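Next up, some structures in structure tokens.
Two complexes, one shared chain (subunit A), two partners (subunit B, subunit C).
Moving on, here comes the complex of A and B:
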């Protein structure tokens, strides 16, 4: 562990930007929102900004990405297929532990199952991750209930913790240790671990007033979902509330469903595009010939919650899919973000029917 | 991180040339093809029951089950023109190129069914994925007990693979029963839905495995009839299809419950199908 004086943060960001495409929390001057985005300049990265409204997942799983391009001329039968590796090494700086946990879910899902997803792998390799211990949760945050915060424990090259005058600079890889020596950082003193624990505990304390509802119930919801004991009425209620807008999927750090389409142009090449998709969309499971095995919304809507909380999906992520960032609760127009679904499942257990 | 499996083409479709196209029934054609790369032509090995992702350049990609048997059979796909991409395939001609990724999925469990009676029950183009299994079993005829094919279609002109079926009818030790939904002028064979053949063919249930494939309504009627006769759920084998985008377990479009048809299937026993938690 090292100490990074706050005055040296620009040096750190410059050193990273020299070698990587730099992404981090930036503040939008018009809306005032914090966005996780490509930094226009190293100085645009704001390590003290509130949690970004979006997740960094687009850096490894873009909203919209060309994964292949080809040109086929029917007259001459000439075919040219290319898969260019345009991915430059990226650095994600100031990643909160919830979002980092989402990336770890992605790693286990895209790289660790039967097949490796080569498109994802190309984004992920060569990447540098500088995490930032979360000292200011959103009102909707509940990472303390999903074992994914407020401080990262794995998956980072560097983890920063704001100690006031300076950041504690923990290294998690050779790349991180290399940065520390390049910047000539002084080793942290003997109180570093205690100071870090104090910051994390203060942060956990901030959840007291906001996440108590969920704390004990996530694991019960996992249990009920996995064993199939959620009542049909509960799913029907959730289905009725759903606007099928897909916002929950798009803001979720661990949602990774995608669609693939070939986009042809009149004369030029065809691009094979991979785009974000959501299981709430009616066309998600529709097959050619209009056969759709999942038609009613309640039939589709519960899939998301199985994905986030069921044991079978947790086996793929080696943890629950929900990372407790609370963004779905922020964006859902139907008020059925994950915490409220957990509450609905809790109610059916605890409240007697009239 | 797992290493990519070199035997499977996962990301970039490999070019193949259509050599011949045969019309089968209305809207269904069989395309015979070979891979452009002689190395892949030699090494591309499939298991009966698997599927590939087929690219029609300029239109897109679709998942398609394999009708050809890995042993002594020409590579081909039989496809109904039903959507945008399969419709574009239907407009291609011999000499045109397509792209193939795969093979994907688990395949039929031939080792586990050695020594058993085998019943194939197919409805309409449901015979396409079963074709490779039938070819395999006939090549290894002594390893199996009674062999029965029950095949039904709406009308005589809806019967697939007519040459092959004619060959199977003449094959000694292969009991073939073919039916069309209702009597038609000139049709002298059986009439009625395919599940009614189960009674007529006096199919065995002891030491027996049934392969069933067809539209959901036919599937349910056949299962009901086989179950009523005492065939166990784990002795009924089918292959499922879904809207698929990747074939490698990532896009999640083919999820039924938490099961993925592409990597956990597409071949399932009825016992497994019943636990998927969604309609098939």
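Moving on, here comes the complex of A and C:
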């Protein structure tokens, strides 16, 4: 562990930007929204900005991406396929622990199973990750209920913790250690670990008063979802309020559903596009021959929360899919969101039988 | 940064979004939590607007029809050619069809081109009629041609009344506000024959037989007066127009309504009590393509006026607009009977003002609707300028083919160009600056995010170029310059400019003027304004006619979520298009909803063919058996090819009556 004086943050960002394509929290000047975005300049990165509206997942899993282009010549039956190489590796700086946890779910999903997703692997290759401990939670947060924050414990090259005057610069890889020596950072004193723990504990203590939007005590819900004990009426109550917009999937750090689509271009070749998709859509699970295992909306809602909280899905991610960022509750026109679903499930357990 | 804030351009809600731009093309979108209307939400359409903006199915370069079909020409040739063609016609042989998706600047230049340069009064909007008549009702009552309320008041309302359309499909984020309000305790009431999601989310769902909405509203108004719940000024006739409204109510037949509409007088009485008691009450009804008839809107207005809810804090009537700038395009004067700023002709002062700004020769007489001209057997129309046709169900293909000259301006490839002689590629809303006015009068400035793709140019610039070639010199070198003229011509916009609109997120709601430099959230009575008046009905209240023996069912036509407005836009997306297709693949011949009891009686089964026969037309479609419709009712959510040819075209008149319209039909098992 090292100490990064606050005055040296620009040096850190410059050093990173020299070698990587730099992504981090930036603030839109018109709306005031924080976005995790490509930084136009290293100085645009705001480590003190609140949890971004979007998740850093777009940097490895873009909303809308050309994965290859092809040209097919009918006469000669010649097929010419091209893929663009990613020129520069990416650096994600200022990643919140919940979002980093989501990224680790992605790794396990796209890289850790039978098939490796090459497109994802290319985005992820040589990536530098600088995490940022939340010294206080935001209104929407409940990572303490999902074991994914407020401080990262794995998956980073560097983890920053704001100690007031300086950042504690914790390294998690050779890349991180390389950065520390390049910047000539002084090693942290012997109290560093204790100071860090104090910051994290203080942050956890603030949840009760500051993270007021959501409470999601998920353990009982995990059990009910896994065993299929949730009453159909509860799903119907939830399904009735769903506007089928897909937002909950799009903002979720661990949702990875996608669609693949070919589109002709005016220049000639055809683009093969990969776009975000969502299990809330009826067309998503439709199969040939009119079969759709999840046609009613309540079945589709049920699927999503199964994916976020069931034990069977957790085996894939080695943790629950929900990382407690609270975004799905904020974007939902139907006022559903995972915390409300957990509440609905818990209510059906605790309410006396009629 | 690759995300840039802007406003969704699909429906009239005007949600705030952040478009992601990479290498000159839009590649993603995110909702903007800082935006006052949508506060971090988008609907399924808004979440996929980048698919539309990224599409390569664009009109790429100017085209001119030659002997062998379309050929590419330069901009100069195209504009010169179009100008030369347009000069061949007498002014009143030319029509201009502006687009309700285009910015205020684009529409304003189209209006000016029509009236001042082409000198024709035939300037109209595609797919408008109901918004115009709705806003006229509100203006007749209050002087305000637009929403009397603001969406910001919804969550604090006590009573929310939704008439007709399924807002969860048409304007989902408006519906979301209503849903949040209802969960927090507001009394949400939906009046709709179908069980829609909006109805399911409501505390009370009034379910009249198709076509009986007007009768139910009249009955509510009568009960409000009979029960002594009305505002004292209204009850005592101190409000202008009250007497005429009262006279119309003589025809209310409560007993008949109970029988026909499936509602009880007691239920309605309870409802009007709840309305009267509410401190803050708002109503929402569709306007635009599936709007309500003029008298239906007048009844909603009179009901709220009588209940003392017009001009009171936290109250308001909101005509919900289905297309992004339908309201703004109307403010700009894209209507044959009006000049910019809702000045209905004849209006000597407004005529003089337009003449002095646009030249003595400007056409300031009332024109005719383009639909109407196309239908006229005398064929008075010979040339047409069309902006971004929405592929509404095209009921005029034959007449369009016979026109001598059609100029088409648009961003996306569109079957309408089959009728065109010159095609000009226009920029999308993300490729130029422009303002859009949403359903609650909020004027929002949307900045350019990318350069126009291919050879496209912004519509305001194309129209200015055309005007120059026809001898005018407007001097518009930017949308901002056009807006400065808008502020001069449209009194409600008088105090607005780009700097002020951009000073905060979400723009300003009109009127923006010296008295209201920060805009005006809602219509409120003040000493300075004349008191609101009652709006008399134009037609007698007819009872719901009993169904004829030959045609015992009542068919209502609707619009579906994904194949939204039957338009050319959803087809350029992937996910919304797939969702529409999911239904179409189940019902490839098109569908009508039939109640299970009727289906059982007639031997109809889900997905099996059924013949729908009206006095004028016939179609064979598949039945979707659902209790979302009432017995005796048939609902067609959308129309596809053969349904249009065989059924809709002959019934065009009925469909144009909008959401109030019902078509008597019979169902035959095939």
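Quick note on the criterion: the second predicted complex is superposed on the first by the 334 of 354 C-alpha atoms of A that agree within 3 Å, B and C clash if a C-alpha of one lies under 4 Å from a C-alpha of the other, contacts with A are read in each partner's own complex, and residues count from 1 in each chain.
We take it that contacts are C-beta pairs under 8 Å (C-beta built on N, C-alpha and C of every residue); 3 or more make two chains touch, one makes a residue touch a chain.
A quick note: this is a predicted structure, and the numbers were derived from the prediction, not measured.
S.K.: Given the superposition on subunit A, are subunit B and subunit C in a clash or a fit?
M.R.: Overlaying the two complexes on subunit A (C-alpha atoms) leaves subunit C and subunit B fitting together cleanly.
S.K.: Classify the contacts of A:63 with the two partner chains as first (subunit B alone), second (subunit C alone), both, or neither.
M.R.: It touches subunit C, and subunit B stays clear.
S.K.: Touch test for A:264: subunit B only (first), subunit C only (second), both, or neither?
M.R.: In the superposed model, A:264 contacts both subunit B and subunit C.
S.K.: In the overlay, answer first, second, both or neither for which of subunit B and subunit C A:312 touches.
M.R.: first
S.K.: Is A:77 contacted by the first partner subunit B, the second partner subunit C, both or neither?
M.R.: Only subunit B; A:77 stays clear of subunit C.
S.K.: Which of the two partners, first being subunit B and second being subunit C, lies in contact with A:286: first, second, both, or neither?
M.R.: Touch status of A:286: both partners.
S.K.: Which partner chains sit in contact with A:152 here, subunit B, subunit C, both or neither? Use first/second/both/neither.
M.R.: Neither: A:152 stays clear of subunit B and subunit C.
S.K.: One more residue to check, A:329. First (subunit B), second (subunit C), both or neither?
M.R.: A:329 contacts neither subunit B nor subunit C.
S.K.: Vertex at subunit A, arms to subunit B and subunit C: angle between C-alpha centres to the nearest 10°?
M.R.: The three centres form an angle at subunit A of 80 degrees.
S.K.: Could you tell me if A:51 is touching subunit B, subunit C, both of them or neither one (first, second, both, neither)?
M.R.: A:51: touches no partner chain.
S.K.: If you stack the two complexes on chain A, which partner ends up touching A:105: first (subunit B), second (subunit C), both, or neither?
M.R.: Neither partner.
S.K.: Which value, in Å, gives the least CA distance between subunit B and subunit C in the superposed three-chain arrangement?
M.R.: When the complexes share the chain A frame, the smallest subunit B-subunit C C-alpha distance is 9 Å.
S.K.: Hey, what residues of subunit A end up touching subunit B and subunit C alike?
M.R.: Subunit A residues touching both partners: 259, 261, 264, 277, 286.
S.K.: Taking the complex as given, what residues does subunit B use to touch subunit A?
M.R.: These residues of subunit B touch subunit A: 1-5, 8, 10-13, 15, 17, 55, 57-62, 82-86, 95-97, 99, 241-243, 245-246, 248-253, 255-258, 263, 277-280.
S.K.: Would you mind writing out the residues of subunit A in touch with subunit B in their complex?
M.R.: Touching subunit B from subunit A are residues 67-68, 70, 72, 74, 77, 79, 81, 83, 109-121, 228, 256-262, 264, 270, 272, 277, 279, 284-289, 293-294, 299, 303, 306-307, 310, 312-313.
S.K.: What residues on subunit C touch subunit A, complex-wise?
M.R.: Spelled out, the residues of subunit C in touch with subunit A are 1-5, 16, 18, 20, 27-35, 40-44, 47, 50-51, 54-56, 58, 60, 168, 172-173, 175-176, 179-180, 183, 197, 200-201, 454, 502, 505, 574-575, 578-579, 581-583, 585-586.
S.K.: In their complex, what parts of subunit A are in touch with subunit C?
M.R.: Within the complex, subunit A touches subunit C at residues 26, 28, 30-33, 35, 37-40, 44, 53-54, 58, 62-65, 240-241, 243-247, 250, 259, 261, 263-266, 271, 273, 275, 277, 281-283, 286, 290, 330-335.
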